[in-house]
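After this come two complexes, each holding chain A, first together with chain B and then together with chain C.
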Partner chain A sequence: MGRLNEKVSYWMLVAPALTIMIVFYILPVLGIWEIAFTEPTTGVDNFVKMAESSAVKTSFVLTFRVAAITTVGCLLLGYIVAYSISNFANKFTPLMLALVILPFWVSVLIRSFSWIVLLGRSGLVNDTLRDAGIIESPLRLMHNEFGVLIAMIHVMLPFAILPMMTNMRGISDAYVKAARGLGASEWTAFWNVYFPQTIPGVMSGALLVFVLSLGFYVTPALLGGGRVLMISEYITYQIQEFLNWGLGSALSVGLLIATALVLLIASRFINLRSALLERK
Partner chain B sequence: MSTPILSIRQGIKRYGSVHALDDVTLDVADGEFLTLLGPSGSGKTTLLSAIAGFIRLDEGSISLRSKDITKQPPEARDFGMVFQGYALFPTMTVAENVAFPLKVRKKPAKEIADRVAECLDLVQMGDFADRLPIQLSGGQQQRVALARALSFHPQVLLLDEPLSALDKKLRADLQWELKALHDRLGVTFIYVTHDQEEALSMSDRIVILKDGKIQQEGAPGDLYNKPRNAFVADFLGKSNFIDVTVTGREGDVLSCAADGAKFEVETDAPLEVGTKTKVALRPERLRLAEPGEEFLSAKVKQVSYLGERCQVIVTHDSLGELLLSCATWKTGITPKPDLPVSIGWDKDACVLLAPE
Partner chain C sequence: MTDTTDFEAKRDIADIAVERYKQGRLTRRGFIAAMGALGILPALGSKVSAQAKEIVVVNWGGTAKDVLEEVLAETYTAETGIPVVIDGSGPSAGKIRAMVESGAVVWDLCDSGAGSAIILEQQGVTQPIDYSIVDKSKVLEGTAYNNGVGNYIYSYVLATNPKMLGGNVPQNWADVWNTKDFPGMRTFRKSVRGMLESATMAQGIAPEEVYAVLDTEDGIAAAIAKFRELRENIIVWGSGSDSQNLFLQEEVAIGNIWSTRAHLLKDQMDEGSFQVTFNGGVMAPGIWVVPKDNPAGTEEVMKFIAHAQKPELQVKWLELLGSGPINPAAASMVPAELEKWNPTSPENLATQILYNDEWYAKHQIAAEEMYVDALIN
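Our next item is the complex of A and B:
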């Protein structure tokens, strides 16, 4: 009886969120799947078209490349930040943490627009370089992959920093000390003793950034200026410009499957449960 | 003492207004088992960390075989260290942990493998070479940490409360093993603990610290029998303290008086007549007898039975409560609450403490 009651109250607590998810997310996604197989004709035509189109292939390759470079960039920069906050800062720790989290309070749209202000033809960077006499004609800093990457790394950085930092803050300084005491130089102690212990954090940061980047829309759309068509923007084109609901839906099914595959492959190498949920 | 292997001169370390180490001067003899003993926060870990090189002294110097090492980084000092929580590297197996100090010294692979096997055998962990630290019990981790600290033939082995995380029985076993290992290897051990029994049973010499200051150093027996001040007398075992005034001297014997009792103490301490100080009496040195047989009459207040011994608290009219510890197997009187008794002691049981 007690157990039954417990179960009922458990489901009552979960129900509101679950309902919202089902009605406004799961059902529409299923609708998309349906469209993918029924528009304009029933069958797998859309998927065949998708597989044959070289534009789709280019877009997928581009998407994975941008996501991969963004991930590597975020890990490199983020590792340094996470390491400094966890190991050096003391009374500045709360301030530095706030600076990492602060960008979450500003919409991605605004952050991406600010990169346009910075990187545009007569943006801050180009103007400064020209005034300083370093360049004559403006550099192409955006509406290409370079601009997309810079802004993507900026937007994704906190997602890399936070899991790595949580992981690093759980590592006692006794290990590095012990290594030094046993004769290791600072670098050897870091590389052989500290770094291996941070791999779970690095992995969960990498996974988070990579998966989020695969489906990212706003930043590539703004900084790519239509020239860097990542999959989500490509889907938008198909639907908004060509009213091609069938292919658009098929593409989003493809993206979903690709993302699921990434998680599946990752789960062979890392413990997703501990990487994403326990953050340790 | 022949030339010490390690000497610390006037070491001072401050954390804000706290003196973690306050004018510490200490010599460590080659091959000795030295214990740093003190209550929590007395500066034991700080002193050990300064010796290991993890913290820099604010003032003072440290030298190893007469060579100044005050400014050397820890990796240059060649000391083995066993940490409070062992700090075994969690991503490496037992064998890799033990091999680590040899790897960083770029020893040939063959030599490393041999030495690792040898060290693991030394601590009876040969069968566990391929396990990860989390797959070991506390006592096993402790052994691996010891093997790792010994694998590179360190000049000195530093141990920070290596047994504090273990249960009492295991601790007693490992104390014997550690001591035997020390005697076999002849390496200098500097051992930190806050457990007085551990210190007494293992050490060649004990240094007692309090508030970053050395209170007294010496062989376990000397410290126990001749504590210099009330802190040492109370920290190593238990003591009864009695406030006295010096009344006279005859050769080596100083006579003192307290309210209602007289004490004679053998000492060469130059104390003037009239000086107020304390004497300490160990509970186990006090004798319990029928009223009138000894010189101090008192009344039993409380008895607690501890198996091989029993503790008796008696009250004396002017000295207050005194603690006695008697063997339970001894025939004689059986103490019971409210029983009138008398108390006595041998002359050498009475220890004069330095005036404060």
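Our next item is the complex of A and C:
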């Protein structure tokens, strides 16, 4: 009896969120899948067309490349920040934490526009460099992949820092102290003792950033100058510009499958359960 | 004065949807879904019936709505006593069709495009223009259709920033492709519309030959190859306001943009830092269409179209919006300082070609795909 009650109350707690997800997310996604296979004709025409198109292939490669570089950039920068906050900055911890979270208060759109102000041909960076006499003609900092990467790393950084920091705060400093006490150099103690313990945090940060980057739309659209055409923008292009719902939906199905594949491959090398769910 | 409504682009989308639907590439359900997504369908039926003895003219909103009100509606009412209502909700071909088929027509006259006008005629949802009331000689040659007649012109033009280029300004499309003598970034539309034409002319092909050349596969491939060659110097504009921004922020020095946006830029940019040539431009006409069974009756609407043909009103339109008079007779009445910005002045007419909707109906889809590939791959 008590067991049943427990079960019922468990489902009651989950029900509201689950209902919203099913009605407003799962069902529409299934609708998209249906369109991918039924418009304009029933069958896999859209997927054949997708596989044959070299523009689509390029866009997929570009999407995964941008997502991968963004992930690496975020991990490198984020690790340092997370490490400092967790290990050194006692007094400043709340402040630094606030600074990490602060960007979430500003919309991605605004942050991307800010990068336009900074990186433009007559933007702050170029003007400053030119006034300082360091460059003669403006550098091309945006409307290319470089600009997209800078802005995406900026936007995604908190998603890398937060999981890594949570992980690092759960690591006792006793291990590193013991290693040092036993004569390990600072680097050896970090690399052989501390770093392996942070792998779950690094992995969950990496997955979070990578998956979010794959579907990113606003930043590449604004800073890519139309030539860094990631899949999500390509989908918009197909649907808004050409009303090609069939191909647009097929592309989104393709992106979903590709993302799932990445997770599947990742799961062969890392324990996703411990990386994503059982964070300490 | 800034017109933020990108009515041309919006019209494009609807045009394409109708075409797609027509070709059977979009199911009826998909079509309706698409129209809904564009925010077009829900507006239907919001006005249940227009009163008799008033004319409802529909355009794409924004500043254009206010201008139409001032320039056409008020003058017509003053002359005839018949009230004219301007509705800015965007008369896409899909919406016109849906309205006529539902039997609840509330619009009398719609600002459409040539592609839509042809399709709507084939679908039998528009009325023939009565050329005994509307004067065929008062519109640009090639813009008088059975069921549609030109109302204004906007062009794809070569815009430049002489200050950024050190005074050495490209004079034609071949110059635009010459990055050695004219360095810097260029902007082109994120669609082949009006763009493949310029790439074709850049190969030295005469303007009047452009569509004949583009009608062959080699012609399209050659134009696409030109974009592949230039792509490191290209930033793409998606909406009219994008193109305006790129010039304002000095991101580009050269571009193929709409003359209506150029009209705004000439006032926004510093003296000597913005210039346009209509040499090799592509003129796209706006087209009046009259839905079947319109409430005000055929004759009333035809009289209103005839009223809108008056050159002095069209000059006003040019001053306020930058859209060129469709009536060639208006050119002589354009104030001197605006002459070079008028898409349909005799000098500018001589160097431009008319946008060919038949070509687009036939080749656009394939060309767009190749265009994207050329730009990113």
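The rule we apply is simple: the second predicted complex is superposed on the first by the 278 of 280 C-alpha atoms of A that agree within 3 Å, B and C clash if a C-alpha of one lies under 4 Å from a C-alpha of the other, contacts with A are read in each partner's own complex, and residues count from 1 in each chain.
To be clear about the criterion, contacts are C-beta pairs under 8 Å (C-beta built on N, C-alpha and C of every residue); 3 or more make two chains touch, one makes a residue touch a chain.
Here the structure is a predicted model, which means the values were calculated and not measured.
Undergrad: Under the superposition described at the top, does placing chain B and chain C together on chain A give a clash or a fit?
TA: fit
Undergrad: Could you tell me if A:174 is touching chain B, chain C, both of them or neither one (first, second, both, neither)?
TA: A:174: touches chain B, not chain C.
Undergrad: Per the overlay, which chain contacts more chain A residues, chain B or chain C?
TA: The larger set of chain A residues in touch belongs to C.
Undergrad: By the touch definition at the top of the document, which applies to A:245: first (chain B), second (chain C), both, or neither?
TA: The answer is second: A:245 touches chain C but not chain B.
Undergrad: After lining up the shared chain so the two structures overlap, which partner does A:166 touch, if you call chain B first and chain C second: first, second, both or neither?
TA: After superposition on chain A, A:166 lies in contact with neither partner.
Undergrad: Given Cα centres, how many degrees, to the nearest 10, is the angle at chain A formed with chain B and chain C?
TA: Given the fit on chain A C-alpha atoms, the answer is 160 degrees.
Undergrad: Now for A:58: first (chain B), second (chain C), both, or neither, which partner does it touch?
TA: second
Undergrad: For A:232, using the defined touch cut-off, is the partner it touches chain B, chain C, both, or neither? Pick first, second, both or neither.
TA: Neither partner.
Undergrad: Which of the two partners, first being chain B and second being chain C, lies in contact with A:196: first, second, both, or neither?
TA: In the superposition, A:196 contacts chain B only.
Undergrad: If you take every C-alpha pair with one atom in chain B and one in chain C, what is the shortest distance in Å after superposing?
TA: 45
Undergrad: Across the complex, what residues on chain A touch chain C?
TA: 35, 38-40, 53-55, 57-59, 62, 116, 120-122, 143, 225-229, 234, 237, 239-246
Undergrad: Give the list of chain A residues in touch with chain B in this complex.
TA: 172, 174-175, 177-185, 188, 192-193, 196-197
Undergrad: Please name which positions on chain B make contact with chain A in the complex.
TA: Contacts found on chain B: 52-54, 73-75, 78-81, 83-85, 87, 89-92, 100-101, 104-105, 148-149, 152, 158.
Undergrad: Please output the residues of chain C touching chain A within their complex, sorted ascending.
TA: Checking each residue of chain C against chain A gives 12-13, 16-17, 20, 24-27, 30-31, 33-34, 37, 185, 190-191, 231, 234-238, 249-251, 365, 368-369, 372-373, 375-377.
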